[in-house]
Amino acid sequence: MTPKMLLLPILLPAVLAAVLLVLPRTLRLLRDVLAVAGAAVLVYYGFVFFAAKDLRFAVPWLGMGIDFDLRLYHFSSFILLALAGFLLLIALYATVKMKDAPRSREFMAYVFLTAAFANGAVLANNLVPLVFFWEGLLVTLYGLITIGGRPASGRTAVKALLISGFCDFCLILGIGLLWTIAGTATMSEISVAPTGPAAAAFVLMMIGAAGKAGAMPFHTWIPDAAVDAPVTFMAFLPAAFEKLLGIYLLARVALDFFTIAPGGAMSILLMIVGAVTIVLAVLMALVQKDLKRLLSYHAVSQVGYMVLGIGTAVPFGIAGGIFHMINHAMYKSGLFLSAGSVEHRAGTTELKKLGGLRREMPLTALGFTVCALAISGVWPLNGFVSKEMVFHGALETGYTVFAVAAWIGAIFTFASFLKAGHSVFFGERTREVPALRESPAAITLPILVLAGLCVLFGVYNKLPLTLFIQPILGGHVEAGAHLDFTSHALDLFNPVALISIACLVAAFLIHRHGFLKGGRRAHLASEPIHNLPGVRRLYDLAERRVFDPYEQGVKVLQGLSVVLFKAVDRPIDLVYEKIVTVTGAKLTGILKKAHNGHYANYLAWCLAGLIIIAGVVSLLAK
Amino acid sequence: MIVQTALLIGLVLFSVLALLVKDLLRSAISLAAASLLLGIVFFRMGAPYAAVFEISVVAGLITVLFVLTIALTKAGDEVRESRIANVVFPLVFVAFVVIDALVMKSLLGKVPALAAGAETGSFGEVLWRGRTFDLVGQIAVILAGVFAVLALFRKRDKHD
Amino acid sequence: MIILFVALPLVVAAVLPLVGRLSRRVLPDLLANATLLFLLVYAAVAGRALIAGGPVLQHVAWLGEAVNIRMSLDGFSLFMLLSVSLVGLAASLFAIDYMERYGDKATYHALYLIMIAGMNGLVLATDLFSVYLFLEVAAVASYALVAYGLGHDELEAAFKYLMLSVAASAAVLSAVAVIFGLTGSLDFAAVAAALGGLDAGPAVAIASALFLMGFGLKAALIPFHAWLPDAHPSAPAPISAVLSGLLIKVSGVYALTRIFLNVFGLTPALSAVLMVLGTVSLVVAAFLALGQKDMKRMLAYSSISQVGYIVLGIGLGTPLGIAGGLFHLFNHALAKGLLFLTSGSVQHATGTRDLDEMGGLAKRMPVTSAANLIGALSIAGVPPLNGFWSKLIIIIALVQAGEPAFAVIAVLASVLTLWYYLLMQRKAFFGRLDPKWAAVREAPFWMTAATVLLALLCVGIGILFASTVSTWIQPAADVLADGVRAAAGSWGF
């Protein structure tokens, strides 16, 4: 085990990506084997690295403290292992699901390139290589979305690129600021208190990290991508990789680079972002009519729990946030993959058209159900454990309001998954979809593996908590403050858990009420909430954007004064899609008019420029 | 002195004319005239070689070249200047001349005398003896001019 | 033998018409490309050994008698010579197939070599008047090359180019005259020394302004840029590539840098003016590029914008800023050369430069489209391509020097750059293939080879950028940074 081995998780997928890209279509079998085998090798080394724990590989690079510095320690080795695991499952899944897609070759190559960049970003121990790998992810993100091949894919890809680009831009600014303040670019040596300019650096880096994870208000591309990009991509990036990376960086930012104190301004800021994300996104998720879109809004909502957990700055909450990250990656991947499985056979993911698939697709239904219960926080699955930890952490800070927001999120999460599961797999069989069979093993296997992990991490939660999570916190908690998971009694009988269970019951009642009121049609179960006075309008505004963002944009602009506080989605989207574009076009128009091809005109500019420069130089000289 | 002033005024007039006339051909001829006048000014100020280069290179070669290229273009293709450009340019030009005059007036007093002794001999001697490298450049300019004429007068057999 | 860089292309150019009598195509192609290849190899292999002991000042002897030809080669000029030979060779290779339909290749190659000789001469010159003279050599050759197509647009663009260039030459010449009047000398070192002991701030300020206008016109900095968007698109593609990739940099940026950093010394005032000029060009031209429908016009505006980056970095005057600016100069020469060449391939294949008429060409011209994509991403600053590193260095330098506002503008402008290049990609190469391009085929061998060569360089330098910087850029930046230090605070500023 030499330090040079650390290059392997970066170089191997990069080389594989190049090979996969050039392999001709006729050698598809070889391509699939290579992809799966490559991912398996990475998983193996993930374990090796996890066992090795401490490694450091540094070579001088650009001078001025910018070294190519890779560091493996318990946190990065844990993320590395998780990334490799998801890569393997996605590669396996894609061999079937992306088989007939027009650009499947590129898809695989992009996936592995993403893995290379992600591994690099996780291992980087210097801010500059971190930025390098982080930006590389932007390119593959763009490429992967365009593969969707829908008419709007290109536009969605640009939207994702611009939004992520903005977040990355904030990250770079924050890193620059941090670098100046800390005086070093070596990440393991940085630790500053978030006050004064460092607070600005913290907020900027937080935007970068939380934006990558998809927290509000940087989420708007995810629901669009759910429709326009391949579903495998959704399970791969927004569900798994971006959460792991974003939360990893957020944890590093909040715990290593800056030391945020419980109850401090930065901690409260993070908790607010988390709580707002949880509630707003889950409300959007509740009324979705398409399974993939519903899942994508949950992918946003769940980030809120992680941000909230880390934001508590209480050891227990932080542990909960990080644990939630890994749990979420498992069940959300599983859910997206199940949605993909349904799409693979039924050809649609619209809730209205589906129903009663559990008999024909029992394995998918089983996987989906387990993952859905896990995300809803049903005992004894993993989601229950990590959510409880976040609740405890939030309560411990003394700001009960955040715990309440998290509970509200829990109610609607369960309600929306009752609706989704009920519509797709239970209830009556619809006629829109012809008879179908279970998906092949390469599709169901990853789903079942993920579902199994959800159960494992839930029932034996001490295992991941002590093996993975506790070592991470080891360096972050003050000396002596031993983290004791047993003291919080993560079982059914304590006041917090009882409230959580009450939330689940409430969700069930809401669903039942809607189901009965909607004429026993499950996909209408959310309609009573959807139709509440006032709420309806809010939803409509949010939804209309979804159907036709560009044309509706103008209308929303006019009604902006009325609905500003209601439609949180819209104004943010407006900034990305309208204001920047229109200002650019206007400015360009004016400048183009000035270039009318008249020679005298141009010469006049030159002379004017000469006069101004001469004036300025003479003035400054004095 | 009067001749000198007249020559300088003529130089400025032709230069402005070269910019303002709509017909490219007349514009090029005005430029040639301006260069010619500049050459005469050089001569009168005791810089014969500068005058020769000015007249030979600028007035001669480039102008001939471009009179000919313009002759190659179709008739009636002249560039149309807008009214605004015709107004704006003189204004800026006048402003430029005024500012230039003011600056130069204050400047002329401050410029120290030429450091004597560094480069002795007549101007011509300096040019030939001390500046041989420039000859390479002159040769290159003339070569470029010759090839430019060759290029612009070649038969347009394949490309239109 | 430094003089080879000037003399060899001139001699070859002089014999090319005779050779052209013997063989209309093969020999002129071979001779011109062999000359450029020789210069490239000479610069790359022998150059570093030549300057190992510091700058070389060469006096040429003719038949045993010393004639007064003086040239100097230091890290900066060697770096420029290398760039000129490299991009010059690529464009010349491209011309083998591309210029086929224009006819009379011997004359084309001769003019081309004279332009190269002019640029090399400028780079090696040691006094102000030689700078002016070689500026003219390159310019005269380039007028004729812009008009080489002989169409109406070409002639009009060449005329406009000539007219504004004359204004530039006039400004440079008057500045030279002012300096000569002040110091009684034209030699760089002598002028620098004389200015150091002189208290004539205003006069030098006027001369600086005149130089700024003259070289600014050549470099197409805003507001001196208006000729470029006409001239560069109208020229044949290899000429566009050399004009945008090299000429504006050698006759604009190089001359500006050499005179301001090594002769005048970069004072805070000049530094501020240069940075503002650079930033204005950077932003305004990026917006202008966004509104173009003509592929080559878009590239031309992009050149103005990227020159803004270079001037911003060099104008900053810190060692890192200068290194970043020079590295960007090199990268932009490669990438913009590449982009103009691919646009030539597209025009060759489809006969149009209008982006709205294209679409889906990636399916028909995969190599060209991939090369274009690499060039576009490189200029837009996407890692790991070379353009990313140079922009990163410039931005880091700006932040380090305490100019965060400029850094922010530079970053935002690079987002704009990415925007219009993605626009170009989408309109030209991606999307649905228009049925009328169904018969379009990939460009001929030499055209493709030239673009592939440049694309590989873009990728390779991006990956090996550390060694490129230390081998070629750093010596050049050191020369300039030394100049800044030596001249700082001189001439009464």
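Order of writing sets the labels: A, B and C. Residues in every chain begin at 1.
Everything below uses one rule, namely that a residue touches a chain if its C-beta (ideal position, glycine included) is under 8 Å from a C-beta of that chain, and two chains touch if they have at least 3 such contacts.
Bear in mind the structure is a predicted one, so any value in this text is a computation, not a measurement.
Enquirer: So, comparing each chain's Cα centre against the centre of all protein Cα atoms, which one is closest?
Expert: Checking distances from each chain centre to the full centroid gives C.
Enquirer: Where's the contact count highest, between which chains?
Expert: Here the largest contact count links B-C.
Enquirer: Averaging over Cα atoms per chain, report the distance between chain A and chain C in Å.
Expert: Roughly 44 Å, centre to centre.
Enquirer: At what distance in angstrom does the C-alpha mean of chain C lie from that of chain B?
Expert: Chain B and chain C have C-alpha centres separated by 26 Å.
Enquirer: Chain A to chain B: how many Å between their CA centres?
Expert: Here the centre of chain B sits 65 Å away from the centre of chain A.
Enquirer: Which chain A residues touch at least two other chains?
Expert: 597, 599, 601, 603, 608, 610, 614, in rising order.
Enquirer: Please output the residue numbers of chain B that touch at least 2 other chains, ranges allowed.
Expert: Answer for chain B, listing residues that touch two or more other chains: 19, 79, 103.
Enquirer: Please output the residue numbers of chain C that touch at least 2 other chains, ranges allowed.
Expert: Within chain C, the residues that touch at least two other chains are 163, 202, 206.
Enquirer: Inside the complex, what are the residues of chain B that reach chain C?
Expert: 19, 24, 31, 57, 62, 65-66, 69-70, 72-74, 77, 79, 103, 106-107, 110-112, 114-116, 118-119, 129-134, 136-141, 143-145, 147-148, 150-152, 154-160
Enquirer: Which positions of chain B touch chain A when the two form their complex?
Expert: The contact residues of chain B facing chain A are 19-20, 79, 81-82, 85-86, 88-89, 92-93, 95-96, 99, 103.
Enquirer: Which part of chain C faces chain A closely enough to touch in the complex?
Expert: Touch residues, chain C against chain A: 160, 163-164, 167, 171, 201-202, 204-206, 208-210, 212-213, 216-217, 223-224, 226-227, 229-230, 267-270, 272-273, 277, 284, 287-288, 290-291, 320, 382-384, 388, 396, 399, 404, 407-408, 411, 415-416, 418-419, 422, 426, 430-431, 466, 469, 492-493.
Enquirer: Taking the touch rule as given, give the residues of chain A at its contact with chain C in the complex, in rising order.
Expert: Per the stated touch rule, the residues are 61-62, 64, 132, 135-136, 139, 154, 158, 165, 169, 172-173, 176, 180, 584-585, 587-589, 591-592, 595, 597, 599, 601-603, 605-606, 608-610, 613-614, 616-618, 620-622.
Enquirer: Residue numbers of chain A touching chain B in their complex, please.
Expert: Interface residues on the chain A side: 596-601, 603-604, 607-608, 610-611, 614.
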